[in-house]
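Next come two complexes, and both contain chain A; in the first it sits with chain B, in the second with chain C.
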Partner chain A sequence: MNVAQRAARVDLLLELADDELILGWRNSEWTGVAPSLEEDVAFSSIAQNEIGHARALYELAAADLGTTADELALDRQPDEYRSAPLVELRQLEWARTIARHYLYESADAVRIEALQAADDPELAGLAAKIEREEIYHRMHAEMWIDRLLASAEGSRRLREAVEELWPYALGVLGEELRPVWEERVRARLGFGGPSATEPVQRGRPSDELRELWEEMTMVRRSAPGARW
Partner chain B sequence: MIFEVFRQERKGQAFAHAGSFDAPDERFAETYAREFYGRRAESVALWIVPREYLREIDDFADELGRNYHRVDGYSLKEKLKLARSAAQVSRGEPAPPTRSGEG
Partner chain C sequence: MVSADAVWAALAEIPDPEIPTVSVVDLGVVRDVRVEDRRVRVEFTPTFLGCPALETMRDAMARRIEALGAEPEIRVIMDDSWSTDRITPEGREKLRASGFSPPAPRAAGTPQLVQLRSSAFRCPYCGSRETRLENIFGPTPCRSLRYCTSCRQPFEQFKTI
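What follows is the complex of A and B.
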């Protein structure tokens, strides 16, 4: 791998890891307040898996950069995060959370499929490992999608949420993979957002990310350089 | 809808009751069962059964104490323990303390 290829790999790993970390963090905000205790346990466990995936991805990037996973996850400044704005949004309503969950998981599936076929055995191996857990995240997202679609009220709420989140969802994948994702989602839901929407791109940290970052890194920042 | 979950810890072992939860349908039940009883590799298989399909029977007549008819047999260990302690008592030795989990 030459220098440019290695740099591109680090960028990709950080995009993936930041997405998983921030989404895991957002999903964990439902711990204790999910609509049922069962859902509380299940959704919290999914959130924990996402953070576990982030850790594995940061470790791979950290080895290339000569740093540690913790430093990458918690010691960067908000404008250094590469997360997609979709995962940064604070969702206080369950239908919106499920819509974001489904839109993200379906996009992540397309991305993970591509990575499993990648030339890089380390990356392909990790993608395969992550995929074994992601199957259940999609199963969870899809059962909720179908439950919402089964009632008029649920359908209406889901549709509104999908339309609102559409430009953000388009920003998760690059131009190469986006059409595959869009086609799958429209086929699955029977609707989507307006087709000529401009994606909300990564790399411009939202106010919501800044707020999340304040809280997420608070303990680390309280004792800079400490060994925990 | 309440579901009862049974889990198998190792291949070949009997399924044991793991717990129960509320889920709107069988699809939710499968996902919840995986999350609650399967995600830490603590089970090799799960049975998920709607509680309404379980028939519980808890009234048994055993007026004549014919427990020798039981298909699971009587506990030989239990009989041996009783016999040993009877033998020791007759020799004037104190009976050994019973250990929990035996028999």
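What follows is the complex of A and C.
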């Protein structure tokens, strides 16, 4: 791998890892306050998996950069994160949470499929391992899609949330993978957002990310260099 | 020089921190053991990536090898080589005996929701197949929650990955 290829690989790993870390953090915000105990357990467990995926992806990037997963996850400034704005949104409402969950997991599936076929055994191997767990996240999201689509009110609320989040969801994937995802989602839901929407691109941290960062890195910043 | 068999035997005494009746060897997370003079190289494949027990297992393996008078080198292998099919037949039996239904074979294909919703999973307490899915997720990443309608007992099902 030459220098440019290695830099591109690190960028890709950081995009993936930042998405999983921030989404894991957002999902964990339902711990203790989800609408039912079962969903409390589900969102907490999904959050734990996503943060585990983030750690493994950061470790691959850290080996290339000569640093550690913790430093990448917690010692960067907010404007150095590469997360997609979709995962940064703080969702206080359940239908929007489910819409984001489904939109993210379906986009992530397309991305992981592509990575499994990548000409990079480390990346392809890790993607295949991550996929074994992601299957369960998608099952959970699909269950909720069925449930919401089964009633008029559920469909309406899901549709409103999907339309609102559409430009954010488009920003998760690069241009080459977007059409596959869009086609699958429209086929599954029977609707989607406006097709000519401009995606909300990654790499421009939102105010919501800055707030999350303050909280996420607080303990580490309070005792720089401490070993836990 | 310590033998590879002695290392395997020592590792077989390390319990899973969360399900202590099962050892790391039963779980199939030890992919390879190589002895080169004083150095013992172990290839360790994580189960679920977010599992907090992984570091405990890795450190416990290093300590056991040190106790044998050798120098441990635990390599964590982040590829796709571990699946629940790596759990040994003894490991599956130990899981059942401690109230966990062992994972269905992955060889049967990618897990499907329709399959989890079917009554194909056996209750570890009474053996009935009259069981239903309560939650895909459970108290740790590796488990789902099911309920047995025959003996009216909730139980934990090891996820197939």
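Note that in this section the second predicted complex is superposed on the first by the 228 of 228 C-alpha atoms of A that agree within 3 Å, B and C clash if a C-alpha of one lies under 4 Å from a C-alpha of the other, contacts with A are read in each partner's own complex, and residues count from 1 in each chain.
Operating definition for what follows: contacts are C-beta pairs under 8 Å (C-beta built on N, C-alpha and C of every residue); 3 or more make two chains touch, one makes a residue touch a chain.
Note that this is a predicted model, so its numbers are computed, not measured.
In the three-chain model built by superposing on chain A, chain B clashes with chain C. After overlaying the two complexes on the shared chain, residue contacts for A:His101 are found with neither chain B nor chain C.
When the two structures are aligned on the shared chain, A:Glu50 is found in touch with chain C, with no touch to chain B.
With both structures placed on the common chain, the touch criterion links A:Arg26 to neither chain B nor chain C. After overlaying the two complexes on the shared chain, residue contacts for A:Ile130 are found with chain C alone; chain B is out of touch.
Here chain B and chain C are compared by how many residues of chain A each touches, and C touches more. In the superposition on chain A, A:Arg147 makes contact with chain B only, not with chain C.
Of the two partner chains placed by superposition, A:Arg9 touches none, neither chain B nor chain C.
Common to the chain B and chain C contact sets on chain A are residues 38, 41-42, 45-46, 136, 139-140, 143. Those residues of chain C that touch chain A in the shared complex are 48-51, 78-83, 110-113, 116, 134-141, 145, 159, 161. Across the complex, chain A meets chain C through its residues 38, 41-42, 44-46, 48-53, 55-56, 59-60, 121-122, 125-126, 128-130, 132-133, 135-136, 139-140, 142-143.
Within the complex, the chain A residues that touch chain B are 36-38, 41-42, 45-46, 136, 139-140, 143, 146-147.
Across the interface of their complex, chain A is touched by residues 21-25, 27-28, 30-32, 34-36, 39 of chain B.
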